[in-house]
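Below you'll find the structures, each written out as structure tokens.
Shared between the two complexes below is chain A, which has chain B as its partner in the first and chain C in the second.
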Partner chain A sequence: MKCSNPCKIFGAYQALGGIEDSVVIFHSVVGCHFANMSFHLTRDMEDLRQTCTVINDRDIILNGENSLRLAIENVISLYRPRLIIVITGCVTEIIKDDVDRIVEEFRKRVDVIYIDGAGFKSDFEKGYEDALVKLVKTFSIKKEKSKKPLINIFGMLYDDYKRKQDILALNEVLGDKVDIGFISASANLESIKRIAYADVNIAFGRGIEACRFLKDKYNQSYLQMDYPYGIEGIKGFLGVIADTFNIDYSETIKNLEENSKEAFNKIYSYLNSLYGLPVCVVGSYSRARGMKRFLEMELGMEVVSFGIREKSLNMEEFIANVSSSDTALVFGSSFDGDIADRLKVPLIPFDYPVYDRVSISNTPYIGEKGAVNLTEDILNSIMMGVKNRGAFYNEEDMYIW
Partner chain B sequence: MKKICIYGKGGIGKSTTVSNIAVSYSIMGLKVAVIGCDPKADSTRNIMGKKIPTLLKNHDNQSFINYGYNGILCIEAGGPPPGTGCAGRGIVVALEKIREDNLLEGIDVVIYDVIGDVVCGGFSSPLRENIADEVYIVTTSDFMSLYAANNICRGIQKYAQTGDIRLGGIIVNGRSSVMNIDMVGEIAGRIGTKIIGIMPMSKYITLAEMNRKTVIELYPNEGISQDIKSLAKSIYDNDDRCIPVPLLDEELEKICQSYLFI
Partner chain C sequence: MKQKYYEELSMSMYPSALLHRFGVNGKVSGSIYAVGEMKEVIPVIHGPRGCGYHYRYSARRRNYPYYNVISSEMEEGEIVFGGEEKLFQTIIETYRLYSPKLIVVIPTPVSDVIHDDITSAVKRAKDKGINVIGIKSELFSHRDKSYSAKRFKEVAKQRFGESKNLDFDIKGCGFTEVLYSLVEEVMVKTEVIPLTVNIEPIGFGPHGKQVLKEIEDTLRLVNVRVNSYFPSSTYEEVLAMPSVSLNIIRRLRWAKKMKEKFGTLYLQINTTGRYSGIKGISQFYRDLGIKLGIENEMENLVKTKETNALDRTSLVKEKISNYRVMIISRNIQSVPYLIEKYALDYAMDILSCVVILTDKTKKNLDINHSVLEGLKSKIDSSINECSKNTELIINPREEELEELSKNCDVIIGTEDYSFHRFGLPVIHPRHDTMSLSYESYIRSIEKMGEKLESSINKPNLIINKLGYDRESYPLLPHNNIIATEKMWSEMWLHRKGK
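This part shows the complex of A and B:
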């Protein structure tokens, strides 16, 4: 059986792993640690801030509480972090180690937070939401008005394929008119404490529960939107910011349209061959919707198979549907490589997890730069694909679909 | 090797029964082992005269292997402190270790003393994988004790479908507030088994336990010691084993009510 949605522990890790002055301790068996780390390594192997209590049979029988104490002590002495994030797994939640009490023992020395990540209880989305809610509940402090327009961004993941590039692109497009106070994939404890200072919270799909909490407690407004892929996506994002703060972004929008036009002009003939191209998109809610809109509205492709992971997607049925279609490209995560392999078509990874390729160049997928980068990756993948190697070299190959 | 398993409601007298019948077998000249499957690790206290190191905390040395009165091999599985860990998993691991290390080689009778009720998969492990052949349930004639006994039969029935485990009979502990042997006999019959023997109420049992001894060791000439030896022999000679048919809770209640109103 192929699952559409990873387990809760991954969601918790993706929500909090990006807190740069923290260390994550998986209070679980070594597999939970290894799996999360293996999805992280291709993203940034320089930034490894996770460890594990490596629960074994003895811990299961006699309880793993001393192993957790030892792990916290070791983390304090080796890393000296501002924050320790303890994420439990299935085993420690089944035997019900008293993690709250152990965490409390250390609170005078370091900030420690305990997140229940047991996969048998729930899935990735719940893990992400629960972790962020607990984080803001524990650390946010009384709202003070920011002098400059300030926003928080939720819904980005620590191991997003283009995490750093997308964050940079967002900051660039906002310019010096608006600051980002907290961004869930790349934060620090101080920015979490000041999370309530922002004027508005924007959730790219995920993080909505934390936004609701902040609304209830600090009367912070929030907005949920799709991931801003493409020119229209980023225009929508800027439109929200412009309306919220009464800022004029028309010059920025004009510039990004011209920049992208300049890039696309170099390959305009190839772009024609993408019109009507049948493709499959599978991913998490806001990513998949944002990508579908970009592919259909901006590149003219036809999304013939569309799957959203959170909606209990039956992957067997979905794969059968994709297989019976004339899909020429699969947009998904590395998990969906088998669909692409079966159809002998390229996979364009955009959704978590992406563990089979690296991305160290400044090539975001968000906004107008992302539109160019995505289009470049799409065309290159088609040209390098097994089925259509050499496509676009001459006119007759351009319309082979 | 005869492989016996003793179950019953918590505090019903399982360990007392186990230690005394174990001593009876040793007096008969049999090589006997007692495996305590209770995290409290006190099943063998009366045979050893003290609590012994547990297998789970000492699996890397031999200190958990002890010989008590008359050469009875005593092993306590042990387990976590109250309210922590997973005692059921502990039982599974302990029994695996005993099997892997062939610790019961040459033993004529092994008796497993299992905690309270079949509360989870771990505590049902003696019922599986040919670890024990027959189960004896200790009960008084109190309703909740019989209720627990009936529940244990559900576990035996489940594992009897795929294994060799069978119910050997009911051991009646005469310690209840109102002793009603007929009622227990009827329930045993309805389940498909019989009363294999009775442990009469006796002050000598209490006195012996306070001295960390079995009653047979400390008061060998008292009538209670003869009763226990008789019970032990009945169990040893018993070849009438069954797959129990547990009663519905309502049926059990009705039977108990009918005896109470006589």
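This part shows the complex of A and C:
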């Protein structure tokens, strides 16, 4: 019926697309390439490193292996990448192209990995996990102790609405006390190879299978946590880091509390109107939970409808439930405009995919800065909403005069 | 009606033109687009969840998705044992939840490759009293890639002033597949009502909705009624389509099928040049008059409307004729008609016409020597007939362009704002909204008059600081972007026997 979650091929692309100096080849029909690209280009029109083997009728009859060879040859000569990521789609998995063999033919010339992205096999989460596991299995090397505290971050997506801003905010809040070695959705081949050097792996929900692999192979500890939205979210994250490395972040926490307070002072009265507000949150596991916690525990809202995509969310039932609730705002992906429009309330997009907003300024959603930016977006969305402006009992007047 | 410039803006904000430099979407998007235009009709995509998820977004719906897309969510079991049962259950459940007047089952490459029996699932659902049709795939996955080049060649063969129909369609276009199936499976023969038309509402320009309303109002003056805009109608309106006397169309195949099945005549309006400018607008109504058997009434209407349009615009045209204009275009096939329109309809003094034809365009559109000569000859003819003093320059050097610009007051015909570097204003083509209504003719000329008076040179545009690639305008000249464009043309457009 209505799909709440995309398929494997999207998960694999979101896990690995952000690796610098890599090129993704969709060994599939044009639709898979175009779909991933259409979500990606609305986030970043400059960073474009993907292509397609354009599987056609002839490939179906013979096989698509020559198309894949041709694509890899072309990618080597045109992009000169350090890594080629071949992600297959449903059709090439059905016709059983021997992708492993083709990839092997090129391994002496360039690093190539192959991820099975067939949508009929599983969902986004499986695609994401499989891709990261394949990546670390293929490239990670034996641990050497890092001189400085070092962490890896999993669970970020290549096309997160605030990818670059959130990564920058994480680095800023950690300061020079701790380095991030590898961060999914924004890595390079060197950081992937040195992934086992880190002291701890932190998975913002996703990436847990790769963390488990690294634990088994290199005895690296790991921790799964919700996406650190809000002041308390980032404090929780810093708390974990402080405990792991015995570092004092109290000054950092004091500063971030002060800085955000300064911003919130300017809108103190508006904050009153958000308290107790019934809202809907729908998203992927760690994002939705992190957002729910921020909205409820920091802004004082009440999440009356809560949906997690990974849990085989039945969209028809979920939409019906939200529609019968008192929801005044919807937090979700751009596709959840479906719900917001039915209720004629604003949508605050935060979860993948976000394709109907641009974000080029340094306005993260993570941490204390994110708390300010999210609150700003929430308030502006309410004030700019098409409905409920103008006359109180005769609002249509605004369209006539 | 929405504000027309906002309507056009919301369309251009969806980065379709950019995306199509690096790929085309699967034909499912065309099918979803067609079904999404209809009211009370729901599409069921027969494929894995990813197709049902993403095709909501990229079906010519600007940034507003088509939320009501249902998926049969095929999984491994369906791949092995067939998905007919799951499709059947999905149709039943869709009907139970949404009670649409029609369900349209759209195949995907996955259902095509396993040869799933859509017809049988559809028949079973029909037997249960559900109104459902299945779309038949003409081609696997995507449309015929040679369409643009073939069309280009046909256009080049035509002489300027000659305007016969280009008698072919895009094979494997999902949109066309749906229209064809609606004719074949939904429409039923009914009594024909004289002086009624259906209109395929595509290609009426950036302010198309307004133009269609104006055409409808004009036709009403000769007692012609628009029955439906196909497929942008209700289910009942589609059902009643065979009751009209004439279809006004762009795409040929569905109209041919209607003619074959119901005897419905059609007028195709994607001919090059025949319907451009005031002459073309009048020709459009005259052709309609002939097809509808009301030549005399229509001729009277045309005379009145044409005279009014010419009277209303004569003063503005006088002002426009004082401006010395340079046309710049990267679209060589449209240049003869640009010259005709700007010279005859707008009364512009066209000093020079610059055509930019890159090697990449020649390769992508398969423009060989004879095609190029045909196109040049058409441009020469249009200059001879419409604007004798216009100098034609193809691919001038920077110094030549600079020299030409010194004698001109304004640049038109291009979306390349870098030409502000010559110190002249550049008027965006969005202000030229002349279409098939007399009102659009008047509006466009008045708007152009306004723009010529008010436009100024803007040497500090941020967009011009980005340094676009001149061969692949308007892409940035970054290696990965250019490589991705080249990859696409190597893997798709130019791939022969590799």
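Convention: the second predicted complex is superposed on the first by the 387 of 401 C-alpha atoms of A that agree within 3 Å, B and C clash if a C-alpha of one lies under 4 Å from a C-alpha of the other, contacts with A are read in each partner's own complex, and residues count from 1 in each chain.
Just so we're on the same page, contacts are C-beta pairs under 8 Å (C-beta built on N, C-alpha and C of every residue); 3 or more make two chains touch, one makes a residue touch a chain.
The model shown is predicted, which means the values in this text are computed figures rather than measured ones.
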First, second, both or neither for A:95, with chain B first and chain C second: both
Which of chain B and chain C A:255 touches, first, second, both or neither: neither
Partner chain(s) touched by A:33 [first = chain B, second = chain C, both, neither]: second
Superposition-derived comparison: chain B or chain C, residues of chain A touched: C
Touching partner for A:60 - first (chain B), second (chain C), both, neither: both
Touching both chain B and chain C, residues of chain A: 57, 60, 94-95
Residues of chain C touching chain A in the complex: 15, 18-19, 22-26, 28-29, 47-58, 63-65, 67-71, 73-76, 78-79, 90, 93-94, 97, 108-110, 113-114, 139-142, 476, 478-481, 483-484, 486-488, 490-492, 495, 498
Chain A residues within the chain C interface of the complex: 1-3, 5-10, 23, 29-35, 37-39, 41-42, 45-57, 60, 66-67, 70-71, 74-75, 78-79, 90-91, 94-95, 118-121, 123, 316, 334-335, 337-338, 341, 353, 355-356
Chain A residues within the chain B interface of the complex: 57-63, 65, 94-95, 97-98
In the complex, chain B residues that touch chain A: 56-57, 79-81, 84-87, 89-90, 93
